[in-house]
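Both complexes shown next keep chain A, but they swap its partner, so chain B is in the first and chain C is in the second.
Presenting the complex of A and B:
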């Protein structure tokens, strides 16, 4: 900066010329940046308007008559015809969602701090937290309804749906600054609370805010689902009513309102995060994965076995603790022993077993096909975005918007569109897998180091070859991360659809058991569903470890 | 300069895993006077950072004894008498330059006067950057902040683990001159870990040369160039002779390029 002014006497004119050149270049760069932002917004706006127009036309021409889709104008009419109905429903649901969101995040952040500060707690109880994550809301909802009053049950359900994601995100965030800053604090004689206060908490803020952001949508989902049983007001009640009376306008109006309820806080917290923590881009989160010393195969298998047994014991203890803490009467609160008797030793066990396992088979088909389809289509779409950058510009805003649609409202909408058969359920499981996979794969593809691209270009590598040899291997960790998280969600989505529509699968067994006051059946189905969800999750994370050990060893060292 | 700075007596460090034990430090004995500047010179994996981490009480050792100013490293660390700078400047990205330099005082619950912080910011040549965030600084500037932070609480022992290892050669020489100036103004006993021969020769009163597998001392050279040392020293004949001597010592312990290969004698990651 100062070099120019220190030059020889004749530099006066040159400096002026330089300054004007710099100013011109800067203003050009700025206006270009502004124009490209404007273009981006314009494209998004145009595409959205176009889609709404297509939606309107398609609905008016055919889809409404087929009972599939209400037009945007019909949705607005439905809301305008009875605004107080919708207003009351939204405020009832929002109040539940907000409380659930608050308590769930509070608990998650507290537990994350405890886990990070006291490692012993983490290894013991993270499995329990994971079980909570894999606990399908479909199975929990009726159990909560018999445990608490209706309002508390809804709030707890909303809190449960935000808990795990915030917990894991906060733990990663708190650890993101581990390494040399923590060494420094230790060298200054700081205690573990000092590192928490000065290093870990501030570095965890971006992750915590992300948790709050994602939690907004999850809490809405939990609150709406809680209203499916015994609620008198709320979005969930309207949804069920609309579905029962085949009132297309109402179902779609509820879908739009629920989406806004999820999307608006999502956007607000995103802005808040960017405003509060502008440094967050500078913190790498890749270093957070730590690994112990490498052990022999026997030792590792032994450890894995011990962990599994330990986890099962912890979960069973938690089950008993739940019954004892909340004073459940033996009529509604069943112990693991009751469930074992019900499924194995009682005279009717064989019949009950065949019902549950048949339903389980159906649920596995639903979620398995949907899950794999969602993964494949998600990765393929991200790859297509890379190969045809135009498509990325056009569709990414749409994908982001659709991602914040809670699956709870997708379910009735898709069932109206695809019918109550196999494909409706599969489509729902596929969609909940598709969006996170797409987003994570896109993000992963962008993390390839620029120098690696330069290298490939120097070999005159074709676009496909670069994709195959460089970009996809780099993206594997992201793809697996989303695959792991999506596994329980796919189970949840398919049981939700079964609950609402198809009349088969474990989701339906749960509805049925509840209707017939077969509480042992209810607990049995819930336990089996949770176990399946956990096994599903563990299988995917095992595959993740095997693949990443080969393709991304740096993630483990 | 009276009294002992730090002493290592028959220090041995073994890393044990299920598969094998690795001897990282083999019978290391060093004693340096208070207020002196010592450099530990050696290739990667010779255990020089391990010695520094043991002195900082960040790592246990297997046998032998360690004292700093006749006390244990643990006492020194807990009494906040230790200054540390690492290759990674490890600044907190959400804090300004000033708040990063203030941090040790906050952790030690002994707030550092604003005057002292501002004076250090000026001394390390960061006038006008007190409120800048680390992301707005160059690599050299970040490392200046890290050095200022290391000496802000007036430590008795200053441990420097390749603080300029990631900087370019030209910036590095300038930083070495500034480090010398800053250190001269303190009474701290300094230990610099480096793999740069010129850096060790330029800064230290005494250069201890180490070789890997197992980590042991292969040379101990006193450096008596007058202080303050200036850039011209680098082109003098004595300086070149000293560098040649250190280089010969470095290569005496079996000259092979397989230092980081095979044996698991690695310095802990993340240092």
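Presenting the complex of A and C:
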């Protein structure tokens, strides 16, 4: 190779000797890179094997006896003993998840196109979409049960689980179209639809694919949770039977399979995205808040107020429309007026309110502590990965695996491991916040341009200073993007754990209301929880705008 | 301008992949949805009915499985679809919303639903005794409610009122019993986190024995004042007002009783149907389900059913039910139960042929 370079025609003023030195250095660098990649893979492999070995020993020594954890060999035995059982369960759940994933994403992409083309629709209906995302699953499940037949209900639940994230991602993608191609289409007399077809859709594809990728895991979660309203086959059925008979091998085999069901499509769609849209390597998996056109403060707050009121009206109308379109029996389907009466005007309203608000306080403590802990630890871990690259090698496989565990499977497993106290719930809320934060922060840190590093080096900046002054500010948009999506997820996770473990908070109120046929109580608790999640999300968005305007002004969505 | 053109090709590729994927899914969905659902075109007089069970398929519903497989339903003019339940299912809401014609639940859940605006009536009672039980370890046993004093009891969401009622009925000071919320597994008892656990009499004790290596102590709350029927069959009141529909429900009950008679005579068929057919994807074992089926006999068969037949609702038992409901704070009166169908079916006998 060196020889070939030597004899290559040299158009520049470089001498043959110089060229040869450069080529030698390059080839050395390349083989070093290859070797370090090989070493990296080897480290990852060895560490993974070591972790599995530790798991095996710990399980055999104590954890299985305590009823906490099955060993990897017990899991493999459980699957090997009855492969067709697990195959049927996985295919039953996967079939529901696939359909939910397909329809949910189709609807999300369609709605995103409408929103991008017609901005007023977005202002009025985006919060409705967000409200659907914030609805507590524990309340949605029994309602879907009486709305649709059981198969459709499961597909709808899976579709609902993927809808919002793809919607937001696609909108971001469609809007990411460069200014100049859009201008060009306009200059050539193209209409809005032309720019949609020639510019927006092509540039939106990476973001859409990212949505499809993330949606695979969300759809799996929705499909498993749907089995809790009645199923003959599926991962959820095996989980329930496994828990009832305390068959740890089965419970953990289900956890591993559910994780693979989420992780494999995630990986495949990642590959597909890189193959289809190689230019998109740097696209964040979560979307940033879009900044609207600048207007005066008064005009902006006036419009914001009008759209907020409009959105609330839209959400209430959608509530009525749902009851009317599906002819929900009044026994189950309660209107906003029923909820208002229940909470405000009925003679027992004060008692009901105090129950709900006390429970809300508990849920906020669970999700708040868990959320903040998840964010802080997530960012800290990503930073540690940058400072100590070897730790990244060691822990990334573990993080990737754990982030794919569907929360409905994770919750009972974590309760077995951590107990049912406050910290069990907090840990669950923290974990669902931690993994996306870690992944997004890692991705954000990797996108810092090389030039900026060169600049910092030329100032002889220390590693910490580079991190603090350059890398973290650059990463803020990614951190916030995941913080926003994680806010309702932390609330959702808390309610799930409250149902299955602690028996307090709004999760308990919702399930208890259903157990006592108090559907107004269920709607009231769900409405308040959704409103709180919406506010939580909006507060994070607001903080995002303020912080990004101050620390990352160059960042455009 | 190399990038845009390669970008264009990639876009085309992406669109092709997307369209291909969409077609595959759309076609497969269409195929699956066009599959005819069990056309029961045998007789003209066969009425389709839907039964919503309360949990995922287990031998708990074995009698219904036998009735369907042995043709006891169709013999009586009904074609029954048995819907599986789960932890998040509400059978009463399913009946009230018209998703199912018959829902399985407990007498208290039906009364609760009625108190909240439903109009349901119980036509038969599968479990004469409420299966809610308190499981404890043999080293630290809870044999009577008085033993609960000073202990930590795991109570799943929804059963808190039942615990209060049991303690009250037996004059035990509720403030001396610590309640801990739990799910539906016996892990907290195995690990020693709780001293007692609210369980389903015929299910979790089996799992506990398998996990702990020795049997636990089970206290059936029905023996201590919690007298509510369980696994009752509830229908809408308006269903019974229509003579044709009432006849169909009666036909269903006849088939159901025959199914459970078969089960009581020998549960082997019910167990096999559960493990190999209705619950075949649930990973159940013959051994475990046989144990469950045997324990369940204590709930199904009582002195009462020996004279009045299975699924019976005697007036004494109804009085006891109403007393317990009132102690649970649930308003109810005798109109919650309609015994006319059972009377019609049994005609004073204690079994049907």
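FYI, the second predicted complex is superposed on the first by the 493 of 557 C-alpha atoms of A that agree within 3 Å, B and C clash if a C-alpha of one lies under 4 Å from a C-alpha of the other, contacts with A are read in each partner's own complex, and residues count from 1 in each chain.
Rule of thumb we're sticking to: a contact is a pair of C-beta atoms (placed from the backbone, for glycine too) under 8 Å apart; a residue touches a chain by one contact, two chains touch by 3 or more.
If you're wondering where the values come from, they're calculated on a predicted model, not measured in any experiment.
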| remark: Across chain A, the partner (chain B or chain C) reaching more residues is C
| task | Name the contact category of A:202: first (chain B only), second (chain C only), both, or neither. | result | both
| Who does A:277 touch here: chain B (first), chain C (second), both, or neither? | both
| task | Check whether A:302 is in contact with chain B, with chain C, with both or with neither, and answer first, second, both or neither. | result | neither
| Which chain A residues come up in both lists, the one for chain B and the one for chain C? | 202, 205, 277, 279
| Within the complex, which stretch of chain C touches chain A? | 3, 7-8, 10-11, 13-14, 17, 21-22, 25, 29, 52-53, 56-57, 83-90, 92-94, 96-99, 109, 112-113, 115-118, 155-158, 160-161, 180-188, 190-191, 193, 203-204, 206-208, 210-211, 278-279, 281-284, 288
| field | Residues on chain A engaged by chain B in the complex (per definition of touch) | value | 177, 179-181, 183-190, 194, 198-199, 202-203, 205, 277, 279, 282-283, 293-296, 299, 557
| request: Would you mind writing out the residues of chain A in touch with chain C in their complex? | output: 66-68, 82, 85, 88-89, 92, 98-99, 102, 106, 138, 141-142, 145-146, 149-150, 201-202, 205, 209, 227-234, 236-238, 240-246, 250, 272, 276-279, 328-332, 412, 415-416, 419-420, 499-504, 508, 511-512, 514-520
| note | In their shared complex, chain A is touched by residues of chain B numbered 17-18, 56-58, 77-80, 82, 84, 86, 88, 90-94, 103-104, 106-108, 133-135, 149, 153, 159, 269-271
